[in-house]
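Shared between the two complexes below is chain A, which has chain B as its partner in the first and chain C in the second.
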Partner chain A sequence: MTPATNLRAVPFARRYLTFTWLVLGVAAAVMVAAALFQPSILVDTFVTGGMWALMAAGLALVFGVMNIPNFAHGELFLIGSLVGFTVFSPIQEAILENPDATLLKVIGPFPGMIAAALVGAAVGVGLEVLLFRPLRRRSREQWVMNTFLLTAGVSVLIVNADRLLIGNDFRGITRYWDVRPIQVLGVSISVDRAMVFVIAISTIVVFSLFLQRTRIGRAIRAVAQDEAGAQMAGIDLNRIFMLTLGLSSALAALAGASLLFMFPSFPDAGVQPLYLAWYVVILAGLGNVQGAIAGAFIVALLQTLTVYYVGVGWVDVLPTAFIILILLFKPSGLFGSAVKGIWEQ
Partner chain B sequence: MTSEPVTTFRSRLVARSVAQRRRALAAAVLAVALVLPFVPPFDSQDYQRWLVGAALMAAMATAFDFTAGYINIVNFGFAAFVGLGGYTSGLLAVELGISPWIGIFAGAVVAGFVGLLTGMLTLRLRGIYAAVMAWFVGLAVMGLVRNLPDITRGSLGLNVPLLLATSDNLPYYYVILAMLLVTLAVLMLVIRSHIGLAFRAIGQNVQAARASGINPTRYLVLNFTLACAFAGWLGGFYAHYYGILTPDVMLTSHTVEVLAVAYIGGRGSLWGPAIIAFPLSIGVEALRTQFATLPGLHLVLYGLLLIAVMVYWPGGAAGLLRSIEARLVRRRADRTEENRAA
Partner chain C sequence: MLELTNVEAGYQLLQVLWDVTLRVDEGEFVALLGPNGAGKTTTLRTIAGLVEPIRGTVSFRGRSIGGLAPHQISRMGIGYVSESLNLFPAMSVLENLLVGAYAVRDRTRIWANMDLVFELFPRLHERRDQLAGTLSGGERKMLAIGRGLMPSPSLLLVDEPSLGLAPIPTLAAFEALKQLSQRGMTILLVEQNVNTTLRLVDRAYVLEQGRIVLEGTGEQLLGNNHVQEAYLGI
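This part shows the complex of A and B:
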């Protein structure tokens, strides 16, 4: 944040770093012990953590590459759940009419999820072309705060357009796959939840491979590190920005569609996923994609522990308090790096 | 409040006449606000309720702009500070029988204190962290209020005694108008002092401000605390005017509403948000009653306006008025030039 020449400006935490890690280590040990004590905590953590990882990775990517703190990320989740519901409803009816069509039963849920991801990507590209590009062309002054407000406007617009055009009621399903629950670690979990975990993990693996191994992925990371340098190397920034926002929006929409059986679609459906993704991203350090994936599981564990040992009502309060505490000691996030992006200057 | 560098005698005269005209305009706006509840259709209870809501929104947007427009940090937990002030004052009145007139100041102190703590913890970080952390603190406070039904009655809602002995809207309008004027006057005085200069320096470039010997954190915390205290004070009025408090007062969507009004009014002007809040929130109420079957319509409009302002029209209404004024001044200067030449 500042050069260390001014002693008062040295973050309080850096002077007590060993102490911080000690506290964190004890906290982690307590959590793991509590989780092992009750295996269902572990299962819940992995299922929800996978989805928060999808949300948070997209949020972190957009911040890292475009320096946009996306307040409308939850609305992509909402759009995803809406598309998922619209596509899956007729398929569900078809399944009910032909109870013997095994293939339909198995692959039935996927078209909705794929459609959600595609629509999400289209919305993301649209936002970049219609809003962020004109703003970028006009002025990049105070970019981070301005885009934060701009996305707040987008969020209000989408939520209330949904309320106005689609309606204020819940649109959800009870389950995607109508099969008996499976046993993991002595805990019975529904196939839907298991599948959500599989979808989340495979998407994250593909996404990471894409960022690490392909030319375009490298270009995206190059822009995140040094925009001017990337441009000099011949990277078309506009294309990368479009792709980044599209990709991030697709991930959020996919999360929305896959979690339809837990989070029915209604205008405020995006609120909780939004601030959970933000907890994760702030905890992990803004713009850190890999950290966000790890952080998602930490936040999921905090949530699950709160639900099990304190009460559902406290699920917003205790994790928040814990995150604020951590940030007191490590202001740049758990996995915050010393490398500074352009936005920090 | 930026003025052109005053160099010549004539430009100084122009500047003085501009200041005079501004003062006259402000007096005219105030006069309109004072007589508005007697002008049809505003002389009925329903419309006067809208006016009270508009003045409250104006005051909140002004306090919001004090942080957002000058030190460029958006307090995303603003609604929670409003609610905190409201609950403090309300609980004091319900549990201890303390007069709301004292309670609303206690609410301001509590909200200011929580704002001070939040500010001290977050404002040494970068702006975006402070904004998001204020949001988290707001969410946590809302969760606390919701989860302590023994004290706050949670989602059932807390019934609070009224500020005045009457439920007639007219006296409330003058109370909140006075509160709006106090908010505006105090914050403008701060902005015009050397403290305000420091705020703007920090808002524009923290490194440069630090190089000029300003301790950014101290000023940021001062600004944040003051704005939160005003939010709590206004929250007290909210509580004792509507008579019922639920945790929903603290919803982020309410922060976004205030934020939209502040930015549409024009960031960094204080008076812009205060003035634009009246047509905006009265128009919104009119829409809401006209199209009661279309929920969310007014918020769609807020969203569209906020987007348009952010992308195409960063000065908001205040920026528009300023550019009109600048054009008038220029035209007049040209005319005197021509006269002299003739």
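This part shows the complex of A and C:
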């Protein structure tokens, strides 16, 4: 038996829990230090972390429930940014024409975000119904590999369709809310960034409560833990799969639309968010949604520290190196043993 | 209530059931006995919809259910407690039971069924907040049976409750099934523990190499030569 499988046999082995706590403790200590000496690090960490959490939670959910490594997840971010841009552009013009319309200014950005989430959900449901369901019906052999190839193909398809139909140029906005920055912890922070954080946190809270407390949320977790058991309890797998991919896609699209002022829409816009979401999910342990949310903030902290103290050029290098280091000590990810999915049984 | 007529079923190239005809009437406690690999579990999986029959009919309350999806069959009132239990290990006992009641919309009925389960297995009540993955073998069986009871099924399929259990928890599991049967539950039980089972049930079938070879009341089978030689070692 390799050490890795050994670990899995002992749920919550004490020494690994300790290692996880060590990493979390260091992260927390750094954040406290940041709050005291360089509060902007804390603010940046929470703003970007919230968004990576949205991306990574959806990715983890789909892997946990459907066993699909979704490499088209970034393209949902792209679709979200595109929908957000398309809906917000005319609203922005209306705002510019009527600078005194306060209400329009305040709620103007929301229709684009909501539309993005809805379109994202529809695309997710479409992918499940048109691609994964027929594949599942045909054969579940080599499922992870086949769905990986399928999602990678979908990604190429969407990126190039965007290039062909919409064009290769950047479509972005400078800001959603044209108001003065607010002060948080003595740091001046634009309302857009503050709102991104608020949107991300409230979405994550609602999403977690949905998974933990509602009948359908429980059913989704049940399918992740034992598909046959879920069916025996009267749960329709097809409905749960549809809902899961729809939800995950809606989260990614919402992230794309909310971050439009930082990441303009262009055909490759989904690449960086996709890889970041994968970093997070691998760091946290595949298929663990709560772990992914915590992991997102750790990755965001690593990124922010790199930007502040090493240089923007290293922003992908150092966090990845840290993740590799952590995986050397805990191969199943920081929270890897807490949740066990169908593929491990 | 449940009727299998000339059912043949199996997995891809391997056919397991060759000609299974059996019947369970309302309120009956019926056992399906036989050696390892005879097809007992496959029979239950076929009824529960996890295996599709190749030939023959499976009908429940006069309606053919062969080829329906497992969740549809579950919603028609057939509860299935599988050999591997298929519990949700990272969920608490309470949550496992709630998922069991997924198809039940009426809250008062959910709580009534939960009361029934806790009355039948007080141990589960003590452990209600514990994760299913941390329960003992006997407690897991109780939880699986309890989860199977949550949608108030009219027929309960139970696959080898004695598997992997020490004698005392085994007796407890049998005792619980007996109590359920006395309350009017229809049960189809798969077992290898022939002696105890035959003393417990109304009727039994013996399955060998995918075919029903014997049928009779518990007493008849206890007195049968073949059963005595092959299963009871007399």
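We take it that the second predicted complex is superposed on the first by the 305 of 345 C-alpha atoms of A that agree within 3 Å, B and C clash if a C-alpha of one lies under 4 Å from a C-alpha of the other, contacts with A are read in each partner's own complex, and residues count from 1 in each chain.
Definition applied: a contact is a pair of C-beta atoms (placed from the backbone, for glycine too) under 8 Å apart; a residue touches a chain by one contact, two chains touch by 3 or more.
From a predicted model like this one, the values you see are computed outputs, not experimental measurements.
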Room on chain A for both chain B and chain C (clash or fit): fit
Scan A:S202 for contacts with chain B and chain C and give back first, second, both or neither. neither
Which superposed partner A:S188 touches (first chain B, second chain C, both, neither): neither
Touched partner set for A:N98, first chain B, second chain C, both or neither: neither
Nearest 10 degrees is fine: what angle do the Cα centroids of chain B and chain C make about that of chain A? 90
A:A228 in the overlay: touching chain B, chain C, both, or neither? Say first, second, both or neither. second
Figure out whether A:P69 sits in contact with chain B (first) or chain C (second), or with both, or with neither. first
By the touch definition at the top of the document, which applies to A:L237: first (chain B), second (chain C), both, or neither? second
Quick one: is A:L149 in contact with chain B, with chain C, with both, or with neither? Answer first, second, both or neither. first
Chain B versus chain C, judged by how many residues of chain A each one touches: B
Using the superposition on chain A described above, determine whether A:T214 touches chain B (first), chain C (second), both, or neither. neither
With both complexes overlaid on chain A, what's the closest CA-to-CA approach of chain B to chain C, in Å? 17
For chain A, what residues appear in both contact lists, the one with chain B and the one with chain C? 11
Within their complex, chain C touches chain A through residues 48-50, 69-71, 74-75, 79-80, 82, 85-91, 95, 98-103, 133-134, 147-148, 150-151
Of all residues in chain A, which touch chain B in the complex? 1, 11, 69, 131, 134-135, 138-139, 142, 144-146, 148-150, 152-164, 168, 267, 271, 275, 278-279, 282, 286, 311, 313-314, 316-317, 320-321, 323-324, 327-328, 331, 344
In the complex, chain A residues that touch chain C: 11, 215, 218-219, 221-222, 225-226, 228-237, 338-340
Can you list the residues on chain B that touch chain A in the complex? 72-74, 121, 124-129, 131-133, 135-137, 139-140, 142-144, 146-147, 252-253, 256, 259-260, 263, 294-297, 299-300, 302-307, 310-312, 314
